[in-house]
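Shared between the two complexes below is chain A, which has chain B as its partner in the first and chain C in the second.
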Partner chain A sequence: MKDGLERTLIRIIATQAHLDPPLVVPGATLSDLGVTSLDLVEIIMTIEDEYDVIIPVDAVEASNNYKTVGDLIELGVSFGLEGHKRES
Partner chain B sequence: MKARALAEALDGRVTGDADAEIARAVHPAEVACERDIAIAITPDTVRLLGASRAHTVLVLEGTELPPRQFGTTIFVRRSRSNLPAITQIFHHRPTINLGIHPSAVVAPDAVIGEDAMVGPLVVIGPGAVIGPRSTILSQATIEDGVTIGADCLIYPGVRIGWGCNIGDRAILHYNVSIGADGFGYVAGRPGAHETAEVAGDCQIEPRRNEQQKVHSLSIVVIGNDVEVGALTAIDRGTLKPTRIGSGTKIDDHVLIGHNVEIGTDCLLCGQVGLAGSVAIGDSVVLGGRVAVADHIKIGDRAVVAAAACVGTNIPAGAVYAGYPAVPRSEAMENLKLLRRLRRLMARGQNIPTSVA
Partner chain C sequence: MNHEPVVVTGTGCVSALGHSVEAFWSALQDGICGLRKLDTAAWPDLKVTIGGAIPPPDPREQLDVRRLPMLDRFSLLAIVAAQQAIAQSGLPLGDGGFRTGCFIGVGTAGAETIDELYRRLYLEGAKRVSVFTVPRVMPSAPASQISMMFGIRGPVFTVSSACASSNHAVATAVWLLRSGIIDAAVVGGTEAPLTFGTLKAWEAMRVLAPDTCRPFDRHRKGLVLAEGAGVFILERAEHAKARGASVLAQIAGVGMSADAADLVAPTLEGPAAAIRSCLTDANLCTDAIDYINAHGTGTAANDIAEIKIIKSVFGNDASHLSISSTKSMHGHALGASGALELIAVIEAIRRGVVPPTMNIEELDPECDLDVTPNCARERPIRAAISNAFAFGGTNAVIAVKRFDG
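Let's turn to the complex of A and B:
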């Protein structure tokens, strides 16, 4: 199930940051991928849209707390998005 | 200069030919000849070294170089001062011919300091004082009573209006305007904007409401080590000077209105606009296109994100963003709420618009 979440989040990040999905691996840092703090807000909002959830993280603290693609995947896991039914 | 000397100046070390001559410092993609040194102190530029024509390169200690030979490599420690130090060594200096060019028009009682330069077609008014070793390049206009400190560099086309004071080591780029009149008018009767503020609209009687000019009687005072970008305009004050504190750096196309006071060591990025009587503390950073309404106060060390529109005072140390500018965390929260509103509206699209 985590693989499904990982694939979805990688697609969301790649789309927002205009990157080739193969570059977006769990160990990649958002900074090296060129993901800005505004991108990060859009990424979190897109995750909210796709999973129809509210992720109550502070947008300013988010850029300090989530440094890698893996961190965002863990964020998704911590909000129980694995196996969560996505909005079509 | 030789690679050895460059490395010493940067407190670095050389491998390869330490006697290699270096004429220019350039981006790895811009190397044109052996005398160019490729500066590669970021991951992006290091990646370009493999395909670069560079013979001589400068990189950070610990950099993994691409698998090819370079004639000379200079290694420097990671430091925030690397780029300032490198560019200080190689920066272009204007050709300076000491003294006054024959085509310059200099008032007889103007004082030109020792080892200063006054370039072609410069105009210097009565009573102006140019400090020692300052350089006034071609076609600048320095009006009567202006004082310019020591070691300043005034680029072509700069205009400095009567009475204004510029400190030491100022750099004023092409076509800076210092000391134009402030934008101040009083209408004979309450103007449209005043009526709108009170009444909510401006349905005023359709006859002329002549704007009376408020003249600018004061000057502009600029501290030491201030740099002002091309085409920036700093207007003179009405009854007290417009002031720019020492160490403040101002980008191109910035507008600084009358009576504005800016503290020390601030950064104002391109297209910032400060309306009249704005007061800005020390070490404030205003991102590009930040607009600040008249009489607003911004505290020390505040940061305002690009394109924000400031209509309220900002306390010291705060970070503001958005339109209207609010604390950054609030601006981000507003963005999130807007995004969620889209989802909420989609969900509520079948709700009747009327309960009647």
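Let's turn to the complex of A and C:
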């Protein structure tokens, strides 16, 4: 089930950062991928829309706390999004 | 007054007349009007459907696609113009940049983004809007985006005074350069007002011409809105010389005033005071000026007043002046107008050609000075001024002359 979440998050990140999805791997750092602080907020808001949840983080907190693709996957896990309704 | 000279070492622009200074000047010299029918299919009930839109290709194509979500069109245009100016001047940046400033004139901020925001919220009932909304619409966005893109780390801010914004931005740069606080400045103006909401707002003022912009013509019907940006690299002359930069022209002086009267109708005294102050600052007598790029909006109120103002300041020397309104070709780009017109002035001086006022069929007898109707004129230009008299009564005039080294 975590694979489904991972695939969805990678798609969201790749779309926001205009990247080929294969480049977006759990170990990649967001800054290396060119994801800015506000891109990150947009990514989190897209996750909220797709999973119909609320993830209360602000722009500064988000860029301080989530440095890698894996950190965002863990964020998803912590909000119980594995196996949560739609998966890609 | 004696000040250290401030010189221009780079120019860049994008406008209804094309995507470079070369295209802009070539159109001005040939009297080509860039005001055309807009694509308003998605905008119902617009009474005025002409404007000065930038011709294809879309300037967006010049930037990394990843940068675009952060940019309202007014920032995008400013970056495109700044790229050209910085490239031409060869200004070294990125290695510090603390002695370089960036001052961008803006009339209206983030019009494209605000239109989209309201459409999504009020019409489509969207629950959330883009996280980039605030950074896109902030009036300082163009200056900040240029600063971030090119590594400019000195004073960076927006200057706003409606249609005089560009000239006030240039004046700000000139004074900061003279003071020694900075060595160089990326300065200009930008505007992207061709949105449904902005056009409706201007329509309500009933100053938009339905056909075209014909300044100084007896049958002029108003102004034509346009988008565009113009950016300059200004430097202390010593700084430009030390790095071996080519100098295009000298900013000889600046003058500013305010009418403190009507919101939209210009006074005669306010603009005249700005011109006099500019000539004094530039240490130029009225007989040293060969060309005036007029504010020349093509509205009933502006044109007659501007001719009276010029006569009151220049007296007998007014009859020797060449005057023109290049808004008849690039349109009224509001906060960017002064920058586009300053490029016209710099090129006019460099090439010894006065750009025309186009679309004149029958001169208004009250506009009885040489307004260079319909055809460019060759004449050596020693010095020139560019007028900007804005809504709100804010006036700013820039004097330019050939740089003697």
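Going forward, the second predicted complex is superposed on the first by the 86 of 88 C-alpha atoms of A that agree within 3 Å, B and C clash if a C-alpha of one lies under 4 Å from a C-alpha of the other, contacts with A are read in each partner's own complex, and residues count from 1 in each chain.
Here is the rule we go by: contacts are C-beta pairs under 8 Å (C-beta built on N, C-alpha and C of every residue); 3 or more make two chains touch, one makes a residue touch a chain.
Model, not experiment: these values are computed from the prediction.
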Combined model on chain A: chain C and chain B, fit or clash: clash
Partner chain in contact with A:M45 - chain B first, chain C second, else both or neither: both
Touched partner set for A:L23, first chain B, second chain C, both or neither: neither
Touching partner for A:V77 - first (chain B), second (chain C), both, neither: neither
Contacts of A:A14 with chain B and chain C, given as first, second, both or neither: neither
Touching partner for A:L33 - first (chain B), second (chain C), both, neither: neither
Which of chain B and chain C A:A59 touches, first, second, both or neither: both
Against chain C, colliding segment of chain B, chosen among 74-82, 182-190 or 200-208: 182-190
Doubly contacted residues of chain A, that is, touched by chain B and again by chain C: 38, 41-42, 45, 49, 59
Complex interface listing, chain A residues touching chain B: 32, 38, 41-42, 44-45, 48-49, 52, 54, 58-60
For the chain B and chain A complex, residues of the former touching the latter: 43, 328-329, 332-333, 335-336, 339-340, 342-343
List of chain C residues in touch with chain A within their complex: 65-66, 69-70, 128, 130-132, 135
Complex contact set, residues of chain A against chain C: 17-18, 34, 36, 38-39, 41-42, 45, 49, 59
